[in-house]
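We just call them A, B, C and D in the order they show up, numbering each chain from 1.
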Amino acid sequence: MSKKDLGLLILILVVGAVVAIINPRFLLPINLANTSNLIGLFGILAIGQAFVIITGGIELSVGSVVALLGVLFIDFIATRGMAWPVALPLILILGGMIGLAHGWLITRLKLQPFVVTLCGLLIYRGVARFYTADGTAGFAFGQNFPELEFLTAGRSWGVPNSFIALIVIAIVMWVVLHRSVFGRYLYAIGKNEEAAKYSGIRTGRVVMAAYVICGVLTALSAIYFAMYTRSISPASHGQFYELYAIAAAVLGGFSLRGGEGSLIGVILGTVLLQELQNLVNLLGIPSSLNFAVMGGVILIGVLVDQQWGVFRERRLMLEATRKGAAGAAAE
Amino acid sequence: MSKKDLGLLILILVVGAVVAIINPRFLLPINLANTSNLIGLFGILAIGQAFVIITGGIELSVGSVVALLGVLFIDFIATRGMAWPVALPLILILGGMIGLAHGWLITRLKLQPFVVTLCGLLIYRGVARFYTADGTAGFAFGQNFPELEFLTAGRSWGVPNSFIALIVIAIVMWVVLHRSVFGRYLYAIGKNEEAAKYSGIRTGRVVMAAYVICGVLTALSAIYFAMYTRSISPASHGQFYELYAIAAAVLGGFSLRGGEGSLIGVILGTVLLQELQNLVNLLGIPSSLNFAVMGGVILIGVLVDQQWGVFRERRLMLEATRKGAAGAAAE
Amino acid sequence: MWHEHDPEPKVRISEKWEPVFAGDHAQTRAHRLLSGMMNYSDASIGASTIAPFLSLEGVRKTYPGVVALDGFSMEVRPGEVIGLVGENGAGKSTLMKILGGVTTPDTGTITVDGVAHDGLTVEASIGSGIAFVHQELNLFENLDVAANIFFGREPLRAGPLKLVDRARLRALAAPLLKRVGANFSTDTPVSALSLAQQQMVEIAKALSIEARLVILDEPTSSLPLAETDKLLDVIKALKAEGISVIFISHRLHEVERVADRVVVLRDGMLAGTLPKSAINHDQMVKLMIGRMLKEREKAAESARPPGTVALSAKAIRTNAYPDRPVDLGVRHGEILGLAGLVGSGRTELARVLFGIEKSLGGALQLDGKDLVLGSAADAVANGIFLVPEDRKLTGILLDLSIAQNISLPNLPAHARRSLVSVRAEAATAEKQKSNLGIKAPSVATRTGTLSGGNQQKVVLAKWLAMNPKVMILDEPTRGIDIGAKAEIYGLMRALADAGVGVLMISSDMEEVIGVSDRIAVMHEGQISGILDKEQFSQENVLLLAVGKQPK
Amino acid sequence: QEKPTLAFVVNGASDFWKAAEAGVKKAQAELPDYDLQLKYPEQSSVAIQQRLMDDLVTAGVKAIMVSAVDPKTSTDGLNKIASETALFTTDSDAPQTKRVAYIGSSNIDAGKQAAEIAKKAMPDGGKCLGFVGLLGADNAKERIEGMKEGLAGTKIELIDVRGDDIDQARAKKNVEDALVASPDVTCMVGFYSYNTPRIYEALRDAGKLGQITVVGFDDDPITLGGVKEGTVAATVVQQPFEWAYQGMKLMAAYLKGDKSGVPADGLIIVPTKIIGKDDVDAYAANLKAMSGN
């Protein structure tokens, strides 16, 4: 765990302790379970985003994809009677295809990631709304899918299964990002794509793979969100989720210029954001201030992190100078 | 006018011609006036955004600033009884101060523009909602400000004054961007900030000035928007306007990497976007498809532009090759 | 779009040019000098009549883990040309950056016109008449040439908006371009210029500043001979106007030709100062690295006869000259030098051979078999490697460690079940580090903090750690010190002796003639001729480079 | 915070709920033993509202009255809340859940009342265009459906309804564009509280005020002003004040064990009212009095 991640962890614990002192109900198992459920949902989303951000890209269409694929998933299993073990991989494949399309436009046709995914944001939401004719996709009364519901919204030993899914995904993705050849390529491309190309890396494929991973993880979280809300009005479902995901990554130490950030960081970023949401509700802060609190904390977090870095560097410099001076004096 | 701008102009005219053929009412003076009014409103916003994008930055808080300053403006003149000639400059100064704060955080504290303005997006909306306690800020029935209304929502010789304002601002800003030293510095910083610094430019100040300009123009358009809707519910007013502004700039040939784009381009981008909105309503396209149409056209526009460039380059090459071959044969 | 290529090359062959590389003779002379080794210092020439206008006193600058400058002092007098030499990483650029106000020293004072400063800012530096051409290019490719030359000092029209007087800007820039011998116009966008042409713009920019001191940090690193001559003339003209020049170069013969005084840096300290009379190649080398060089002669001799053709281009056409087909073959076991003037299309050819760019026509063959390259990855898979011209942009990843850079092209070989083994990576890197003598605290050091020469060695190391069939080196010794150069020549020869086909693109005449087994010369996108060892001469290369027949 | 807390959770930030806030305030004055709260979710989305209620339950709220964002399909989520606290619904019902009771009005009936207004204003028939925020939202759908039902068999027709995603600039532009695209329209209906004022202003700017029949919903001050002026035919108002006031008192009583206030079918309908030119003054005065409370 890096110093940066440790700092974030401490911030999370301090905020948690303060909230727990003001309102001890914060620590009730039910509250922790509810919050960790949402951490699971948003965490999966944020990990996907992180893979794209590492390459120096950005994926703005996440919220719209959550809406579109959520609508499709519910429509498939609730209205069209598709078996969920068929629908689920189908949705994941669709997510992967969306990612592939983005990656293709970005790497082959050389469009800017911001532009491609901004258009995606607009298009997918439009399609989702058109698909339901602006109506709501949801389950009929009494329609149940016990196994699916257990997997997505159920709990094991009191822990939400969505959170367990996040942990599993995080471990796998940690290995991929920090230990594998592919992960190294991602960092290299994020730092300097040209130089990576000159080292014989097929950068196009690697970047495309990052978008596909993001697409699949987004699709997965779309299913989780759909099963959590059990109803989707495509006009608003998932709105701003891309911002949550990006904010989690940035809080977790990712640079939007690419090539920086750790998987633990993005998970901790998600935890902090959800803790803040929980705090606003639990402490009775007017919900109109919810956004302001979130924005304020991100800003302060990033600022402290940045200033801390500057401070440390200065100290190192000073030390080096002093040591050098001492050495010179001794000679 | 560059080739790129010309292409965009042709696209606008072609789309306009098609719509006019399907529904001739598109060309009614009243429709043109209505649409140009909104072009004025969004155009001012987009010019501000363009100044920031040139430096390689981004301003995501635009929509929230439109909401916050709009709420404040209406509150000042409608509820607190401030004279509008006082309130108006006050709001512009507030906008400038917001820009200054962003510029300061970005240039002095070295935070990423995306992060700073994302936090702004969250914070200002939160503050706006808190300010009205999630209520609506609006004029009482019959509350009138004839001069202000004439300036903002009135027409001169059938042309909306907001559009005239845009033209004036565009001319001034064209000179600033394309003819002044400041404009030149903006382009240079957008391409290579380090090198600009090595040339003795106070890059921090220049970038800050760009954010201040963006803030002031955003404030101005916030006033225009407030006088157009005459009522603001801070939870939703101005949502996604930053995306419109960015989309207009990108359509107009700006690169989010900085250092590229022209003022005419961003205006034409705004015109195209508003033409599309108008088209959706006039052709009776389901309003759920509004977003999808916008996203689709931006994507196609950017793609065509990009592929056109590739195509032209190839043709030039081919020609050269042919000429060379012919020359070789002649020798 | 690029500018029209002038059919009549505006290149004159300088008569004054004489080779410095003179083999044994120079060697013995050096030994003679060394035996009576004098350690020159400022004091020994203190009799100088003109007072310095700028002086540095005990300047020290440290970076984490590195002491870049260690109590360095020097002074600059009006109208003198100071040659500043030293190994890679000796601290030359750091020193200049301090003068240019880009960095501030930890301790020490800078005295300008009798006023002492702890450090300068960029504005203060420009204000006191210091013009600076950086080692790494600092141009704005979205602006045109004139705008770049006068950037930050644009002529203005009257009025509050500070509008640029564009006509005057162009009028001011045109003579400067002429002076540096540029063949492009003032309104060419910089993005359309080659690296060497960009370097000319940088020099024009330095000339445009009403300067008392012009600092040139390796301005000739990618300039071929003719342009270099122009630059040296410019320096002499400046001196005649009473302007001081600090000239940094690893091409010592250039220093020899223009410098009034040579300051030698070693490990951040003053190794010595040579007055005009004592300036010679071997003396400078001796002070720089503390020993004499022998490797170069060895490098020139081929241990084996050349083999079959390894990589050949058949009527390949590139983006730079779509109408000119190129035919060229590199044989196993030889070093094929590729010479040519600025913008003759050598880099473009290398990019096509490496698969980075698609050819517009023609075919490639590797060992007689047709080869289709879709990307650099294909080239690497076939054992064709490229050491690119622009190190900072394409050669290495400045933010990665040395070890990570070296393992990058061959990562799967350092991985088990596609998980990277840090140990294997470090082992490879350590081996290369000691083989090439890369100067760095450890292989985990960030590459960006290394000096230019050591960065170049890292680029080489990453390919040497694999098994090349064909190695293309584009300006391999650009910005590399004389010692390291010799080492790199040795490495190239070792590669060739092991049967690798080596294609060395170089603008350094001395290097092309001294190292190659054959020399191909490019002229406006085509191979105008290939010289065999017995035809080697400076004149022949230059004649071919301007499209004439060799003698 | 020893006092039991009762929460009123709305479906999104809107002026509409300001009257409910007044109702909660009035109820608070009469129920000193309870802590009454009105909560806005920060966005009008199921997930966020669900999260808000989960957190309220965690914070120990004893009873919740909710205007669910999407009641039809949120059965499980609402049942989860209902299993942990006393759940009431308002604004739009969720009859399939285990909620204790519903208090509110019927949007279908409101739509029918809008049809009444149109019929009265245009005895000779006409063409109506509707404007709404979210076309897919239940309340919008029910109002539109109710109006269509009410207009069935008459010469008045609702030809299209345009959505604006609660973007007021777009709401106004939609009206402007409609005036251009469909010059033969004789009546406009604003289905959301802010739609009627935007219609009013766009007509005023175009000089068509009075020529086109405007049918309104809710009681935005501009709407009421238009009614008084005669340029808005009439408006259909709900009574969120009553929902909140009666609802809070009902919840308090229910928690004390007094279940007499809950009817057998669980439906407490507070009827919507048509406010025409004649009743507008009285209504506005009442509104003012309530919020002054």
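Convention: a contact is a pair of C-beta atoms (placed from the backbone, for glycine too) under 8 Å apart; a residue touches a chain by one contact, two chains touch by 3 or more.
Here the structure is a predicted model, which means the values were calculated and not measured.
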When each step joins two chains that touch, the fewest steps from chain A to chain D total 1
Roughly how far is chain C from chain D, centre to centre by C-alpha average, rounded to an integer in Å? 75
For chain B versus chain D, what separation do you get between their C-alpha means, in angstrom? 35
Can you work out the whole-Å distance between the CA centroids of chain B and chain C? 45
Per the C-alpha centroid definition, the whole-Å distance linking chain A and chain B comes out as 29
Multi-partner residues of chain A (at least 2 other chains): 129, 133-134, 235, 286, 288, 290-291
For chain D, what residues touch not just one other chain but two or more? 13, 40, 42-43, 135-136, 163
Contacts with two or more other chains, residues of chain C listed in rising order: none
Which of the chains touch, listed as pairs? A-B, A-C, A-D, B-C, B-D
Residue set of chain C touching chain B in the complex reads 1, 100, 102, 122-123, 125-126, 132, 134, 138-143, 147, 151-152, 154, 156, 161-164, 166, 317, 319, 321-324, 360-361
Mind pulling up the chain C residues that touch chain A in the complex? 60, 62-65, 67, 70-71, 106-107, 354, 356, 375-377, 379-381, 386, 388, 393-400, 404, 408-409, 411-412, 415, 418-420, 462
Chain A to chain D touching residues, read off their complex: 23, 25-26, 28, 30-31, 34, 38, 129, 132-139, 141-142, 225, 228-237, 239-240, 277-278, 281-282, 284, 286-288, 290-291
Note: in the complex, chain D contacts chain A through residues 13, 37, 39-47, 50-52, 54-60, 69-70, 72-77, 96, 134-138, 141, 163, 165
Hey, which residues of chain D end up touching chain B in the complex? 12-15, 17-18, 40, 42-43, 135-136, 160, 162-164, 166-174, 176-181, 183, 194, 197-198, 201, 205-206, 220-222, 224-226, 228
